[in-house]
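Dropping the structure in here first, questions after.
Going by the order they are written in, the chains are A, B, C and D; count residues from 1 in each one.
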Amino acid sequence: MAIFNNKNKEERELGFGTKNYNSRVRFLDHDGKVNVHRAGMGVKNIDVYHWLITTSILSLITVIISSYILVNLIFAFAYYMIGAEHFGGLDAETPMQQFMNLFFFSAQTITTLGYGHIYPVGNGASIAAAVESLLGLLTFALATGVLYGRFSRPRAHLLYSNNILISPYKNVTGIMFRIANMKQYELIESEASVTITLNNPETKRREFLNLKLEINRINFLTLSWTIVHPVDEESPLIGLTKKDLEERDAEFIILIKAINDTYSQTVYSRNSYKAEEIVENVKFKPLTPEADKRGRLKLIVTDIHHYDAVKN
Amino acid sequence: MAIFNNKNKEERELGFGTKNYNSRVRFLDHDGKVNVHRAGMGVKNIDVYHWLITTSILSLITVIISSYILVNLIFAFAYYMIGAEHFGGLDAETPMQQFMNLFFFSAQTITTLGYGHIYPVGNGASIAAAVESLLGLLTFALATGVLYGRFSRPRAHLLYSNNILISPYKNVTGIMFRIANMKQYELIESEASVTITLNNPETKRREFLNLKLEINRINFLTLSWTIVHPVDEESPLIGLTKKDLEERDAEFIILIKAINDTYSQTVYSRNSYKAEEIVENVKFKPLTPEADKRGRLKLIVTDIHHYDAVKN
Amino acid sequence: MAIFNNKNKEERELGFGTKNYNSRVRFLDHDGKVNVHRAGMGVKNIDVYHWLITTSILSLITVIISSYILVNLIFAFAYYMIGAEHFGGLDAETPMQQFMNLFFFSAQTITTLGYGHIYPVGNGASIAAAVESLLGLLTFALATGVLYGRFSRPRAHLLYSNNILISPYKNVTGIMFRIANMKQYELIESEASVTITLNNPETKRREFLNLKLEINRINFLTLSWTIVHPVDEESPLIGLTKKDLEERDAEFIILIKAINDTYSQTVYSRNSYKAEEIVENVKFKPLTPEADKRGRLKLIVTDIHHYDAVKN
Amino acid sequence: MAIFNNKNKEERELGFGTKNYNSRVRFLDHDGKVNVHRAGMGVKNIDVYHWLITTSILSLITVIISSYILVNLIFAFAYYMIGAEHFGGLDAETPMQQFMNLFFFSAQTITTLGYGHIYPVGNGASIAAAVESLLGLLTFALATGVLYGRFSRPRAHLLYSNNILISPYKNVTGIMFRIANMKQYELIESEASVTITLNNPETKRREFLNLKLEINRINFLTLSWTIVHPVDEESPLIGLTKKDLEERDAEFIILIKAINDTYSQTVYSRNSYKAEEIVENVKFKPLTPEADKRGRLKLIVTDIHHYDAVKN
């Protein structure tokens, strides 16, 4: 049984170590997240800003609304402790309604809305309100930063073909997948690198090997890009089938780097394919964007998933 | 008929594919926009932030004002449903005027203006107002980010000569165009790359060829820069006339990269010339900036368009 | 006594000069700060924004609160000078309480809260309030920038092993330390450079020598990275012991460069080890992250400090 | 008379053209500004954001205060046209005082302060106030962006020695100047390039020549950096004196590139020395920073200007 071709083998330090893991491991998720959890530093491992920037919109909205209610409850309680008699215009018959009105007064203070139909009387209430309005401004300054940080964060919105294909390629075989830009902005100066990681049954270690690409850089990623590793004499994968790769728990690790032209920012996209996602004896269906009346080429990006069987 | 010089031909992957399009296609607009429309992902193709950043000032203002009116209408309607009797100071004789006053109350709430001559009474109205003021702050935080994003976006404001010229150049012919920086900031470390795309009547495919430039990098783009492709023995365009290039639907694709010195940002500018924009047998008029009394050189940037006939 | 190996010596200009300092000097602190104080330009040496961005959270909060109190005191004093009779709604029986109420009015004005139960009457008071509210908005704009600047500042949160080890390495000895990323974001394309600075007893000058690393670049810093300088024939440190290095006041200066994948920003981390922090005849304990049920590898980052004695 | 050494002459395209200017020209000011005024595009040459970012603090404050007064005057006038009777709480006996109070009402509206002791009554006044408060928020959003843009703008605060020196250097002569970082942040990976521009009396054209530096890159710019062009056999300046350089209107154009470590931003600094600023037969005084008790080296940056006569 062939292990893999050792000629011109270029081992690559990816920073995952070379341990042979007991169980099957996926190093990268489909969304590019690395499957590692770092711990041991207590709260120093936590990065609130990073979480606020990368969490889903829904989580963010939940956090904002919960914090808003919580902070107003805290200040309403503080105002209630100071005493309802220190607030003018607080028409309320029951203690509960007093508390509610102080809650609304707090909301009007922290947002610097300040209608003024309720207002603080005396030093204690006035100081608490002055503190709350400062806190409101600072929190809002932070929120501005977080929202700007989220929206301006450089990202590449790439669509990857569902499968990685082993297809006839020139006189040999090629391992290939396709990518397309989902959005209307342009990606320029795109570069790709592909690494395979697999268990070596001889050394019992996990190896990381660089796969040479036919073209590893294009100027515009306007339509799609088929990234091809030719399985020629120099490839470490020569002679290996999908079954072989599955047995060795192989994973293709992909890193794409490009420049988002709108913001002139370098963006990165990662993805991975496990051996199970290989399809053999097929080839990608060519894309056929046509120019419309206005002279614009229309591309259906989801067409990059499609492939046809290869007739022998 | 010469196709084009195959010696030293350097084909270039631009990411547009090599299909021979049925109709004539312009790949890049004069403003650098790529003529491709990407679809197939539904709403995932849409990028609101990108639109807000790149749309015209007029569209942006229209969107802001319409949203402001719409949101206030929605909240005015909500307040009206809660009931006008839950708002203090709402002097209004007709339901219509009540609604109008609630609309103005909404505007005073969402901007956190809060005059307070109208104010919420009771829990329903107070909760709605607290929600609206939070919404106002968050929307305003987003607006701050969008406006900052628009103004700080790295751009190169380059003026390109109206035409691309085929001119005598040293002992051969040169294909050349001129660029100048329109603004007062400096562009440093500018780099140019020029690609030609044209149909190959032999292979019936569209080819993309890199054109070698005399100088492809300058330190300061203070006055103007004439970018020249010498049509020498090594050029793929040797022997081709304007008419030949028109027949093959040729397009010169230009990418300029520079550093905006004020913000230390890398900026990109794209442009294209179709074969129809070639002018033959002319040469660019030299620019003659003179030092004024303060020792500053004055450059009229629109002078870069001017050319003179070449006398034979 | 060996000075150090002069073969292939690559001297490096680090910008610290080559003076032999009289007393022992630590060029870099453990937090990467350079031990140099630049003076001579008066206030031009001061960079307020830089201080606000890099100071501790506690200092920042202290500065914000002190400034808030101070500015309100100044405006309260100004309002008091204008005259308490120019403010409506200022119910106060004593001058002290008048001043206090004007202080709260100032706080309500600078935050643009504006309850309105106290309000300016007449031109002097109104102008002062108009100035204060503008000042408030501008200060708040600055605060937004500072807070965003602090949180979005590109940083690498690297943990360095407590010690630098002289360990057996392949057939020779290696000088090595380990680093790990403390946070959940990914660092990609990491690069390391290590320089040693030590006194040369022959020339009486301080020298800076580049140390060649076994691997100076990795793709992902997902687990840990052991950075090794092999002390082979070509190393300037061949034959030197910990004691020799201590006598020469040696310091290892480390610069790590990486890309923070969340923001696509290049980040830098610096650190240094003095000769006193060397441990001889030990080797790093291998890290053994195991995949949990969800397939994620769990890494305890503080494990990078651990080493074992080498048995002879 | 020697023109200059043509051996190994490396002519450099700086983008200033090669015209021989009639009058004496300084290409770069001492603050790095390029002495070129670009015109011809009308308002398209104007870049308001660039002006706001780069103008002096004093101009900026003047613009802010003037705009604030102007906008409030415009709205006060609009409110006055709508009619003072549409504003509640507008106690004023004279039309002038009415106008003044409407001016203050405008200031309270545009800052979203909204005391509410004056408030709009009726649709016209309410709409105008709603428009003004929206305008206030948007303007303030812009101001936040401009202030953040100003303070976060990447800059290198370098001090250049007052003079460029012709000094003995190793076995030949060197042309040298010194730079130091004025601020407490660190500059890393600094690179320098020096070009000389001078009239060539033979060709009557202005030439730009690259000057080879002894060291053109250092890792840390912690103390000072003496940048040296050795006037050896290969230098285009061999045999030229200060007088020769003055006659040819020579100017040394300097570009320094570095990374500001606090923000991980690439920063640029430009400067120039005219031949008149050369000093011959002197050499720079060595800097002698000493470690203080805390182990910090103290550098007086203005010491970089000092030089001593060379004794023959």
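As a convention for this text, a contact is a pair of C-beta atoms (placed from the backbone, for glycine too) under 8 Å apart; a residue touches a chain by one contact, two chains touch by 3 or more.
Here the structure is a predicted model, which means the values were calculated and not measured.
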For chain A placed onto chain C, the superposition rotation in degrees, Cα atoms, nearest 5: 90
Homomeric contact chain C-chain D: same or different residue positions, threshold half: different
Chain B and chain D, separation of their C-alpha mean positions in angstrom: 27
Sites on chain A at which at least two other chains make contact: 112-116, 144, 148
Chain D-facing residues of chain C, complex: 12-17, 19, 21-27, 34-41, 44-45, 47, 49-50, 53-54, 88, 109, 112-116, 119-121, 123, 126-127, 129-130, 133-134, 136-138, 141-142, 144-146, 148-149, 153-154, 193, 195, 255, 265-268
Complex contact set, residues of chain B against chain D: 64-65, 68, 72, 100-101, 104, 107-108, 111-117, 140, 143-144, 147-148, 151-152, 157, 159, 180-186, 188, 190, 215, 218-225, 259, 261-264, 287-292, 295-303
Complex interface listing, chain D residues touching chain A: 112, 114-116, 144
